[in-house]
Amino acid sequence: MSEHTTEAVVQAPAVQDESLILEAVKEFFENRVAAVGLVIFIIMIGVALFAPYITPQNPYDLMSIDIMDGKLAPGSKSFDGSVTYWLGTDSQGRDMFSSILYGLRISLGVGVVSTIIALVIGAVIGLWAAFVGGKTDSVIMRIVDLQLSFPAILVALILLAILGKGVDKIILALILVQWAYYARAIRSNVIVERSKEYVEAAKCLALPQRRIMFSHVLPNCTPELIVISTVKVASAIALEATLSFLGLGMPITEPSLGLLISNGFKYLQSGYYWISFYPGVALLILIVSINLVGDRLRDVLNPRLKR
Amino acid sequence: MSDTNKPYLRCEGLSRAFVKKLDLAGRIARSLGSNLREERVQAVDSVDLSVMPGEVLGLVGESGCGKSTLGRMLCGILPRSEGKIYYKGQDIDSLSAQEIKNYNINVQMIFQDPFASLNPRKRVRNIIGEAPLFHKLTTSSELDDYLAKVMLRCGLDPSYTHRYPHQFSGGQRQRIGIARAMAVQPECLVCDESVAALDVSIQAQILNLFMELRNELNLTCLFISHDLGVVEHISDRIAVMYLGRVVEVAPVEDIFNSPFHPYTKALLDEVPRLDRRGVDFTPLAGEIPSPLDPPSGCHFHPRCPHVMDICKKEAPVDMEIAPGRRACCHLATMR
Amino acid sequence: AETLTIGLKGEPTSLDPHFHNVNANNEQAIYVFDKLIRQDSRQNLMPGLAVSWIPVSDNVWEFELRKGVTFHDGSPFTAEDVKFTIERIPTVPNSPSSFTGMVSAIKKIEIVDPHTIRFHTEGPAPLLPRNMATFNVVSKKYGKGASTADFNSGKAAIGTGPYKLVEWKRGDHITYKRNDNYWGVKQPWETIIAKPITNDGTRVAALKSGDVDIINFVPPADVAHLSKDSKLTLSKSPSTRLIYLHLDSDRNDTPMVTDNNGKKIKNPMKDVRVRKAISKAINRKAIAARIMDGLAVPAAQMLPEGYEGTSKTLKPEAYDPKGAKALLAEAGYPDGFKITIHGPNDRYVNDGDIAQAVAQMLTKVGIKTEVNTMPKSVYFGKASALEFSLMLVGWATDTGEHSNCLGALLHTYDKDKGFGSANRGRYSNPKVDKLLEQALVTVDPARHNALLVEAVETGMNDIGIVPIHYQVNVWAMKKGLDYNGRTDGYTLPREVSETK
Amino acid sequence: MLAFLIRRISQSAVVLLVMSLLVFVGVFYIGNPIDILIAPDATPAEYARAVHELGLDKPLWEQYTIFLKGALHGDFGNSFVYNEPALKVILDRLPATLELAFTAMFIAVIFGIPLGMVAGMKANNWIGRNIMRFSILGFSLPTFWVGLMLIIIFSVQLNWLPSGGRGETVMLLGIPVSFLTLSGLAHLILPATNLALFKTSLAIRLTRAGVQENMQMDYVKFARAKGLSETRVIGLHVMKNIMIPVITVLGMEFGSLIAFAVVTETIFAWPGMGKLVIDSIGVLDRPIIVAYLLITVTMFIIINLVVDILYSILDPRVRLGQER
Amino acid sequence: MSTPLLEISNLKTHFFTRAGVAKAVNGISLTINKGEVVGIVGESGSGKSVTGFSIMGLVDEPGRVVGGSIKFKGRELLTQSVEEWRNFRGNEVAMIFQDPMMTLNPVLRIDTQMIEAVRTHEKVSKAEARKRAVEALAMVGIPSPEERVKAYPHQFSGGMRQRVAIATGLLNRPDLIIADEPTTALDVTIQSQILSEMQTLCRKTGMSLMWVTHDLTVIAGLANRVAVMYAGKIIEEGAVEDVLDKPLHPYTEGLVGSVPSKNHRGEPLYQIPGMTPSLINLPEGCSFRMRCPKATEKCHCEPPVTETANGRRVCCFHPNL
């Protein structure tokens, strides 16, 4: 009788013994456009992180800029001949290249920080709702629905009108408009995952509920969250830019790319196109690259297309 | 093991209803005269059943009749609406926390879908090893040996511990699922359609594995399936369910040789068999009724060839019709 | 010609001429109505519906009204309408900002005959003619009981002015038709379409694409390239809008100042030397040239030359960073201190940029300055609540003489008498107060003027405020049109002419 | 149905209440509108009078209860700035915004859905891939930036289309519309395109995903096995299934279209309520802000209702008000 | 009996996937005569469905018929124009699928879906088409078909839906129905209802049936002839009694042995070791040799087709002759 079992020990399909992550990474790079997007995105992050070491000027050190260098065309030299402004200067005499890198830093920072915080808050709330269920769940979900039934821009607009300007305020506003997405995504994901047989199996093995939730269910929800959050970073950056453009986002002393564009907007037709144009290009590249990455991640991580 | 004539698992009046309650707005609407109502599915309706130690009890019935629900309640992963479950003769409501844990570990479930029943983000090592480590059945240093033993027993190559489930074929995945349950050294398995999703040749492998494990470890087994051929092959006793109720329980020979309940008879008539060639199929008329709105009296009466007036009004009670055989039919009372 | 389409920066909030005293409303009101006394393009007083005005005694002004003037419906204009207008002003409901202050001096109105009217005042009121030049006269017949909505719909908007209101599509355009029975010179335009286009870039684009014929408030940055455009003409006019800094020169403990390490210090700006240093540190020419693209005139006082009360001796403070540092050192701040400058970012031309430039300049003399700008909706409330120490503000003197700005900006804050209403630095100098109060009861023009000049010189030499510049208003129009420009910034169709 | 309506209406009431309360507290907290509105040289007495006239000297809760009482009778108070009923001021502007939003949605649908179908059926060739690239771009470009570029290119450089404003309107069923006149149409194109860009990308993506998913379904194969022509298989069988999610999502997105009109209206000087509300926020004209929010919220609610009803019409499996 | 209804010879359908070429159908030959019920059995992935789709000309991307011929009533199908294919499908051959939940379009009413099937092939009025639909529904045993025809698919149970699908297939009175595991997803009682329905229909109308399944027991009761597929090939073919009672191929033998049966209750089942090979890199020669107890060196070569008496064919070096 035991001969059957020994015989039954058969070869599994020949596959390499690599981790899921490595596999996903490999698959990701099969799409060249997405790979380029990722590389650009990484470069942008690097540039933003190390902006103070790369830029020829700290545009926010009032000692280092001079109004006499205001609105110089790309490639001009400063009035004392010490610096060349490759992308020109704005009305305050700030080097646009430096401003853009610093702006990138703020845009990215705001986008990423708000997304991460919103993700954490949303995940906790969503998980909690799915976990507890019942009244709590339906109350939370009603709030989420309510929040989601309003377009983000409207909510942010009102909030910022109430809160005023500031990095902290815009982050707060972005968190407030984003958390509900995550809460809903997490909750519905958890509910789907929770009803799968592997969770019942874990229950059957008398593993504690908490452990099942965090070490079985949650990891299976992460791919979706990763996809949502990349796309949301991009939309947070765009939203921040829009709000800044409407005059409600960042304070003038900490310009994000959106505010740079807005500041330069009034010069756009005047021939000082670079003040608005280059930040616009930077914003575009940033958002497009993130979206390319997000799009590819969706394909790579989407469980439905797998198997 | 406890003595053999005390059931290993027994349930009494076990019921489970799934109810979709109306929300506040719904209740208001109803009080304003709209015809909303709660959606209520009596998935399992007051079932008495026992599984003897070392026995394989087959549970058959059509789709949606509550087999899985019953199995999951017996495993303790689905709460009951009503009724009692006795584990080795003790009401599980009166068990201490430790005993409950023992009960939970000792009664393991094997699932149907070899894809969904394994966590896709864990390696085999983790899938099988997590519970024994957690329950201190082994230590992390001895885990490899422990796993090797369990996996070999279930016909898996122990060198595959670092793989993910999707790197295996369906049959192998099913083995992983079995290994996961066997790793906690259970005394009883509840197999819910565990071979339904597999090809015949693979199904044979898994069935053989079950029979082997059972013989070697003297496992108790509740074998749920809608495939009568499989159940017949593996079970000692068979329980037939129809729309939430157990309609007949009997040793396997008796059921197949002299089915009592009209539904059992019809079911057996319709099982296609290798040796039944060129037959004229004579089916049982009618659809399976919706569990949302089951027929009155005996649930089977609209399809029953022997239907009587009483069947439409009164639900029959469970009766012993012969030693070791029970049925739930008004015909039994007639006799 | 037929039609003139005007692209305007501001949209009126209402066509009720007495509802809201803001530029956009007053401007449109002039299309339809007339004032007793008009202001010319330099804000000098000119006869309007009144042909003359003389003080018959210290407390009584007599106005002689123009004869033969009719309202749009043909009914004659009389002293009754004037009386009705003045009595209506304080009673307009819900008015967020009314003309009440302009008529509050009047105690009694006496109609001598249909074309002669006398105003009795509490005390001497030298400013009465100036005040009479701020509001428009409505018809008693239509104005009686009329609501704001009645004016907006045109029902009550029946004036004596050069144009009749046809329709107002809020947010889109206002259409006017020529009043052919106008008492003044014949109007050049058959139809006027006034389109509010608040966004600067859009307004400029609208002109370039030919959607409108003329636009006001051309953004300075666009002036250079618009003047190169052969299809367009530009016209500039200095304005009475002063951009200045108000500094907290009153409190010992001011909220936004610390020493270089961030510790609170006593308010340094109580010291006139520090205020002087701040003024010296500012490169007004650079701001005018770089930020304002040349469309600003460095300022030394509150109104440019040629206005009542303007000093001939005051000259814009020269840029002198060394002098500024020296003064700071003398005042005991050799290493400077830290301060935050606050300013609006949506109120004045390039306001945010100016605040930044000032910060840059102050920082260079050792006063480490941070910038905080905010929308006007937030800014003015906070500024009036004295939450700031150094702030960028603007002031336009609609009356075209100095007592208005002296009273609002430099006179000691006095809630009851209504002085210092915009004195957000709470500057206080008894000498200035005295001189101004004296001037306000001096009807003799020469004496009145001399007192104002002295008050202005005293206040400015004490650096009650730090003037920066006067804005220059720019209009741009299609070639073939001509507009002279006005210091009050209004775009009046009657002054737009065709060159060919 | 009844339960569904009750649920919706009670939810909406809560939303409206919460929103209005928020705005009251918010405006109260930001500052006093009089500070901005009043002439800077006004005396404190005039100031006090103005504050009193607008009722701003009452405690917040009292202001709010007055508002609530009025609101129940359809009176949202007079605008501080315009001195006319806030509701009227908003409703005057509503048609312009709705026209813009509908046109944008129309553009999104007539371009997005066909492009999405092509992209879905030709997923692996260059057409499909380029459509997807375009949609990523459309997804990424911030609305305001596109607006600027459109003005610069089409009205300033090429001088083809007007840069802003609404153009001539004619009355249609008592509502002023501009798409029936040439000048109106010319004014409508740029802002509507600007507003539509994002939604077009969305429609492309939704449709493509739907096509790809549905093309693999057995029912498509079965339809083909019946011998149906490809036109009918795609034009009826697949289309009808795709329309369900597409219409649902786009319907829900209509609300955000109205919200995003704020940006477009600001750039194109479009006389809609978005621009009005931005201006009103600038001067803290609370009645207008509240009325705007209440109207938009009400509109969202109606849209959602319509979408739900449409959904249940399109998809026979769904009963009204069922959770999805 | 001169020309068979359907004659497949050496059909090859391959899928050109990223991972390689999957030879889903790799040279099969099969004939179906008029009135015959032919069963196709084999494990999952052995190419049963693809064979069916190839006949219908409905092979999905990235698959393609790369060789062989399919003759229907003597006419070659593979060289047909698109239009001809369309006229052929549903008219001469109908196909029904495994999952009754998915085969009907969920958002269209039953009548729409049935009427269109009639009207693509015949110029008849709507009313006429509807009449035909109602008749067809009645024929497959749907009670009160006049009303039910107006329902949506979700208002039917699984068994009912499968009947609707069958009725749709019958609408144009095809000569052959290809049934791709139509009862696998159904319960035993429902399955036997469908089987009985099909049986009567075939007998009544004389149409042929190609029944694809992995369930030998169903074939045993229903079919006249059976073809056993393994890895894209038919490895054995013959009358049902012969093949099931005396399997020639070791694989068939294993298959039959692994079905639990009354006589061996409780005993270990015969089991074929290992599992179905990947179709992308099939071993040289006999693809069953890795699992075959009888495999020898010879099996590395392509096994020959041996034809025996009474029309049996087997493809093996070591048949149990």
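A, B, C, D and E label the chains in the order they appear, each numbered from 1.
We take it that contacts are C-beta pairs under 8 Å (C-beta built on N, C-alpha and C of every residue); 3 or more make two chains touch, one makes a residue touch a chain.
Computed from a predicted model, the values in this text were never measured in an experiment.
Chemist: Trace the shortest sequence of touching chains from chain C to chain E and report its length in steps.
Modeler: Minimum number of steps from chain C to chain E: 2.
Chemist: Identify the chains adjacent to both chain B and chain C in the sense defined at the top.
Modeler: Per touch definition, common to chain B and chain C: A, D.
Chemist: Once you count every C-beta pair in contact for both, which comes out on top, A-D or C-D?
Modeler: If we tally the C-beta pairs in contact for A-D and C-D, the bigger total goes to C-D.
Chemist: Would you mind pulling out the distance in Å between where the CA atoms of chain A average out and where those of chain E do?
Modeler: Centre separation, chain A to chain E: 51 Å.
Chemist: How many Å are there between the centre of chain A and the centre of chain C, using C-alpha atoms for each centre?
Modeler: Centre separation, chain A to chain C: 46 Å.
Chemist: At least two partner chains per residue is the criterion; list those residues in chain E.
Modeler: Counting only residues that touch two or more other chains, chain E contributes 268, 271, 273, 275.
Chemist: Could you pull out the residues of chain A that touch at least 2 other chains?
Modeler: 1, 4, 8, 10-11, 13, 161, 164, 265, 268-269
Chemist: At which residue positions does chain B touch at least two other chains?
Modeler: 23, 169, 172, 205, 208, 212
Chemist: Within the complex, which stretch of chain C touches chain D?
Modeler: Contact set of chain C toward chain D: 13-14, 16, 19-22, 93-98, 100-101, 147-149, 152, 169-173, 195-199, 201-203, 205-206, 208-211, 346, 375-378, 380-382, 384, 395, 404, 407-408, 415-416, 418, 421-422.
Chemist: Along chain D, where are the residues that touch chain E in the complex?
Modeler: 217-219, 221-229, 232, 236-237, 240-241, 244, 314-317
Chemist: Which positions of chain A touch chain B when the two form their complex?
Modeler: Where chain A meets chain B, its residues are 1-2, 4-5, 8-13, 15, 17, 20, 138, 196-198, 200-207, 211, 216, 219-220, 303, 306-307.
Chemist: Would you tell me which residues of chain B are touching chain E in their complex?
Modeler: Checking each residue of chain B against chain E gives 62-63, 169, 171-172, 199-205, 207-208, 211-212, 226, 228-230, 232-234, 252, 256, 266-267, 270-285, 287-288.
Chemist: Across the complex, what residues on chain E touch chain D?
Modeler: Going through chain E, the ones touching chain D are 53, 56, 58, 86-91, 94-99, 102-109, 113, 116-117, 120-121, 152, 154, 165, 168.
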